[in-house]
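Would you mind keeping the following structure in view while I ask a few things?
Naming follows writing order (A, B, C and D), and every chain is counted from residue 1.
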């Protein structure tokens, strides 16, 4: 019991600790690829610390919701990150929320963030919110369709079960899985305010989505939101990793070596994902806001197609 | 004897239908009224013949009523009315005389078809009498729907009633109540029509029903 | 039970004597209340029929079927006379009628009641015919009593179409006699309904067929079935409102009663055509036609007159379908329609008086200006539209469900007609009763009792029908085949 | 012996007595209309009656009693009025009266501001009574009378503020559609009862219809119950009528009356009609899925707050019907466990929807009272002026957006779990369409989130867009109590869904012949539909995690880092002191989504009038949105009726001669028919 709790706690701390690093990695890789020097790898940590120390400023008519949202967003994302198997599957609380619930938790975080965007009553907050909900309203069903596909293959929506099943030899290569993977990557890009949909580095007013929404935040609130954003990125990477690259994921009840190996492999997967992300982001241009639905819509269609294939034939 | 009785009855009934046809092609009001009087005369003869053959003296009352009212009083009153109102112009018809006559033929054929399906064992006199009566009734209706003028419509209606009387008297042993009611209804009809004509003249300048139609409650 | 008096004599004698008396009573006030009294006596006598023995002689007949009609007739006649007493006072004030007119009016009212009662009680089809004509002719005169252009035109139209109907019905009657003569012999017997129904199986079917066509069209004109209906809307709209109420509530029923009697006759002869389909056809045409006509109406009384056509169509349809359920429903519907429609006309009469107009467009927001009248109208329309708990819902429920199981297509056509009519009814009532109020807000001196009584009966019937009444209706329904 | 018999129908008797009390309250309301305290008196009495009904329903349900039946000598004379309280009825009795009781409490406060008391008070108890009667009725006649009574009384309530032309129109469309529905049900019962008129449910149950007749019944019931529930394309009246009524009535209509419609559907399709065919499920499934998406899309673009809620009701009804459709399909395929799951999900969602939709309508009523407008473009910043209302409304929004750990998520989660069973279905059309429907559900759930972000954000957040909104005052304690209670229930049900699922089990057992395994015994109060390895969810734990991690984060930061705070003007990228009108409003927040779906669903056309350079005239922007279904379905009908009545109307203006010729023609035609009739 104690050990189980310890493993679970280790995962929570691990994701929390690694999250800014992943963001930083992708960021500096992008800079390098663009022949810029770019920020140091650990810059996100410094930013966080600086922000946390600073006095938070609040607009005059910001409400309690505005202040509570960062904490809510952070904790919902963190819980989601804690429930996705990273280095080990079958953690003690893994059954408290399945994949659908994890998606919903992330949705909840976004719900409150979007509300916060409207709270101060500025035009930019509204822009951010309206675009964010538009993107989310397509990305979320796409994600659910992917969940369906995976769940149908594994016979479960429980991530630990899925991971274990995916690592087993009787999965094989399947068309629907491939479609789901592509769709999941597309959704992940959209959900994390990444390149073709949103530019995480932009502050050009009319192109921002995520940044516009959190424009009024400062100090520790902003720090939490940034951290939550990094966590969310890690959730998606973990998700891709545990479903499509399930090799080396240990059982939570397994021995220490297996766990350590799992952790090392997990870190490797994260690095690989970040590199892939960085490379992808420099090779692609941002879409106009009203082209974004086409992109995510395509993800939705792929997800639907994958599910459909599963429904029609067990073998696909 | 029987054949002779039948033939005479048929003659009168057929005559009534013929006079109905004559009414169909009248185009002057005065002439129409005169033909109607003739219609009533033929009817009276027919009824009288029935009274005689059926040995039903009460039918003579009907004869008397028919002669008094339909042959004399009503035509005279109508003539006067027309003169007073100054409407001796032509009868306005809806469809031409020719098509009306054709329609009339059709109606007579129809009444034959309908009535001759009645089993022949039933009283043959009644059966053929009824066919003629039906024809007269239908022709009366035809007059009513093809004439625009109120006086000619009234005449159409009365010829229709003549057909009824023909039928009623042809029905042997029909209780007296019927004849009285027929006469009664004609009386009432005439009185009320008279009242209406009076009122109508009081308020409108013509008895043309068409003029009445201008005052409908829901003109758009 | 043996009654100390002969109810039939009272039922016929009271109106006849009252008519004579009313013609000479000079004071219209006394006349009005005397009129009420006469109707009350008639009602009491009619009610006593429940206890009277069934009987039939050469001229008069009392059986289960006509008691329904007689009691209904006397009851609505009575409430109408009460309503009329309040109504005509206002007409006198506004100068539309003179005291002389009123004397005439009251006398005719009783003549009309006499005619209708006689038609219902008559055992002789000739007598029945005479009585119906009498009732018709008196209403013709009543419709024209305002002597306005519109009133006279309406009366004229009614008269002409009615007379043609008279003629057709008479011819039908003669044909029935002709059919009967070879079997039952010459003379009076050939016209006595109880004798006819006993021997009808042996009558010549072809003759009966023709007779029924004439009778259906002749009396159907009086029932107001489309396409023979043309007199009905105008007569309702232009006459005094009590007469509209009586026309819709009673005269149409009396004519329908005649059709029913002959339907029975025809149904008892197996070789003759089935009368049902003809009635179903006419009923359906009436329902659908009236439903569409409701939409373009501008005059509120004419509007409800079309609704009467619709309901007569429904009732004819129900009797045409036949069978114990549909017949029961038809009887119930007829009763409920009489009560509801007359209540609506009472309310409309007061509304038209207080607002000084019959134009629908000029009456708005009635529940605001005259809450009682307005809500009564809403309730009345809800009832007539067949919304529960009105008794009309029960009857329509029975008609539709029982028809749907047997002839789905017919039921669907009927339902379409009902829905279309429903749309028009509710549309009109929502403009008249609701919305920004217009017109006079002056309080009315209306006598609400008649409408309340009617609506209370209608709404109670939808929830609870006394078992005795049900048993009796069922028996009648059974006898209607 | 007599007492024993009474005990066996105790709950039913108590329910009927409470209903009788409700009816008598109508009379009391009429009598006491002039009293100042009339409104409080009536609503409190209604509350007591609803509570009594709630208790009797709950007693029956939790005791697991056998069905109770009573026959009163009312209604159809030879049949009587049959009443029956079984598991299904009692579930709905609980759902209904939970909504009604809270509405009564809300109305005690809200009703004070009512200017047309006389048009609300007498009808309100009748409306409550009628809904309860529908659930208890056990013969076709009683059922339909109650059903139509429910329509009629709610119509009267919709017409309460009749002076606004919109409301009159809404009422008209409503009563028309309601009657269409009633007629459809009437025909359906006509088929079920057969020509002999066996109208009581027991006889109907005993003689299931032939396949073709059953298909007809399905179509008719879909029209009948669907029109009341708001199933597309019969939903058109709903967004008009629900907002038009006073808010507590809107809450009842949306939250409760639609459930009565769902009950009607369940009663016929799962109880009366016998074993289902697989394709019934398909029809219901597809109708539900389309309804859900359509409803939420329209909800997203409305600017009238109550209309947003009304359209969202349509969406939720879609959800419920998807669950029911799945249940039918599973049952027909001999998968009782899956059918039980789907059916439970549908019932659970119905229950949840009552909770949060009532709550949201109460909130909108509070806003309406405080600012005098339902227009979202006139609101803003109410979270400061009405903190409690705002909080409760936020809970409602989160619940309806299916955010864990609230109740909405639990039921939607169950529905999705049910969809994951569907590869086991045999039939190809089901196999192909079910994932599509799943996609539709996911889409509508996501859009619902967007919709309620917008609703809450525009109304409660930001800066006030009108003077009234700036001066709004918090509403009275009664209203707050009602909202607070419902918000608390949303949370509690979300945390402990297992108990609700267990409570629904008897009804599920009765309807589909199986039930989900008992959930209350599972450790940690998780819910596990099938097996833990397959899926499980624990709202309580998720909630605890979130709360604890929030606390940890807040404490850590405040302790280790900074806790200083400064109030400043908003940054807004440096734009100084912008006018509140520059905020994103209801229209602009919806704009991106409207553009995405605009062409396809709404036929949205944006009109921009830009004045020429130099002109000081304001630029104008107008969006025109059309409901394709309305255009395609209802326009032609009303067009046909008006065309036909226009043409037929000429018949009113003919001459007497023409009328005579009709008589003549009829005569000739009939005689011809006779002459040509084969002898």
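We adopt the following convention: a residue touches a chain if its C-beta (ideal position, glycine included) is under 8 Å from a C-beta of that chain, and two chains touch if they have at least 3 such contacts.
Here the structure is a predicted model, which is why all the values come from computation and not from measurement.
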Query raised in the report: More C-beta contacts across B-C or across A-D?
Result: A-D
Report summary line: Using only protein Cα atoms, the chain sitting most centrally is D
**Report entry** Centroid comparison with chain D (C-alpha atoms), farthest chain
**Finding:** B
Query raised in the report: Once you find the CA centre of chain B and the CA centre of chain C, what distance in Å lies between them?
Result: 31
**Report entry** Averaged-CA centre spacing for the pair chain C and chain A, given as whole angstrom
**Finding:** 78
Query raised in the report: Per the centroid of Cα atoms for each chain, what is the distance between chain A and chain D, given in Å?
Result: 35
Query raised in the report: In whole angstrom, what separates the CA-based centres of chain A and chain B?
Result: 99
Query raised in the report: So which stretches of chain C touch two or more other chains?
Result: 156, 160, 164, 206, 210
**Report entry** Multi-partner residues of chain B (at least 2 other chains)
**Finding:** 114, 117, 141, 144, 153, 209, 212-213, 216, 218
Query - Residues within chain D bordering two or more other chains - result: 652, 654, 656, 660, 663, 667, 671, 674, 679
Query raised in the report: Where do chains touch, given as pairs?
Result: A-D, B-C, B-D, C-D
Requested in this report: Spell out the residues on chain D that touch chain C in their complex, using ranges where they run on.
Outcome: 73-78, 118-119, 140-141, 144-145, 148-149, 151-152, 159, 162-163, 165, 168, 171-172, 175-176, 179-180, 183, 186-187, 189-191, 193-195, 197, 199, 641-642, 644-646, 648-649, 651-652, 654, 656, 659-660, 662-663, 665-667, 670-671, 674, 677, 679
**Report entry** Residue numbers on chain D that touch chain B, as the complex places them
**Finding:** 652-657, 660-661, 663-664, 667-668, 671-672, 674-675, 679
Report task. Using the touch definition up top, name the residues of chain B that touch chain D in the complex. Result -> 94, 107, 110-111, 113-114, 117, 138, 141-142, 144-145, 147-148, 153, 209-210, 212-213, 216, 218-220
Report summary line: Listed in rising order, chain C residues that touch chain B in their complex are 124, 126-127, 129-130, 133, 137, 140-141, 144, 147, 149-150, 152-156, 159-160, 163-164, 166-167, 170-171, 173-175, 177-178, 181-182, 185-188, 190-191, 204, 206-207, 210, 234, 237-238, 297-299, 302
Query raised in the report: So in the complex, which bits of chain C are touching chain D?
Result: 156-157, 160-161, 164-165, 168, 206, 209-210, 213-214, 216-217, 221, 227-228, 230-231, 233, 273, 278, 289, 292-296, 325, 365, 367-368, 371, 382, 385, 387-389, 393-394, 397-398, 400-406, 411-412, 415, 418-420, 422-423, 426-427, 430-431, 434-436, 462-465, 467, 470, 474
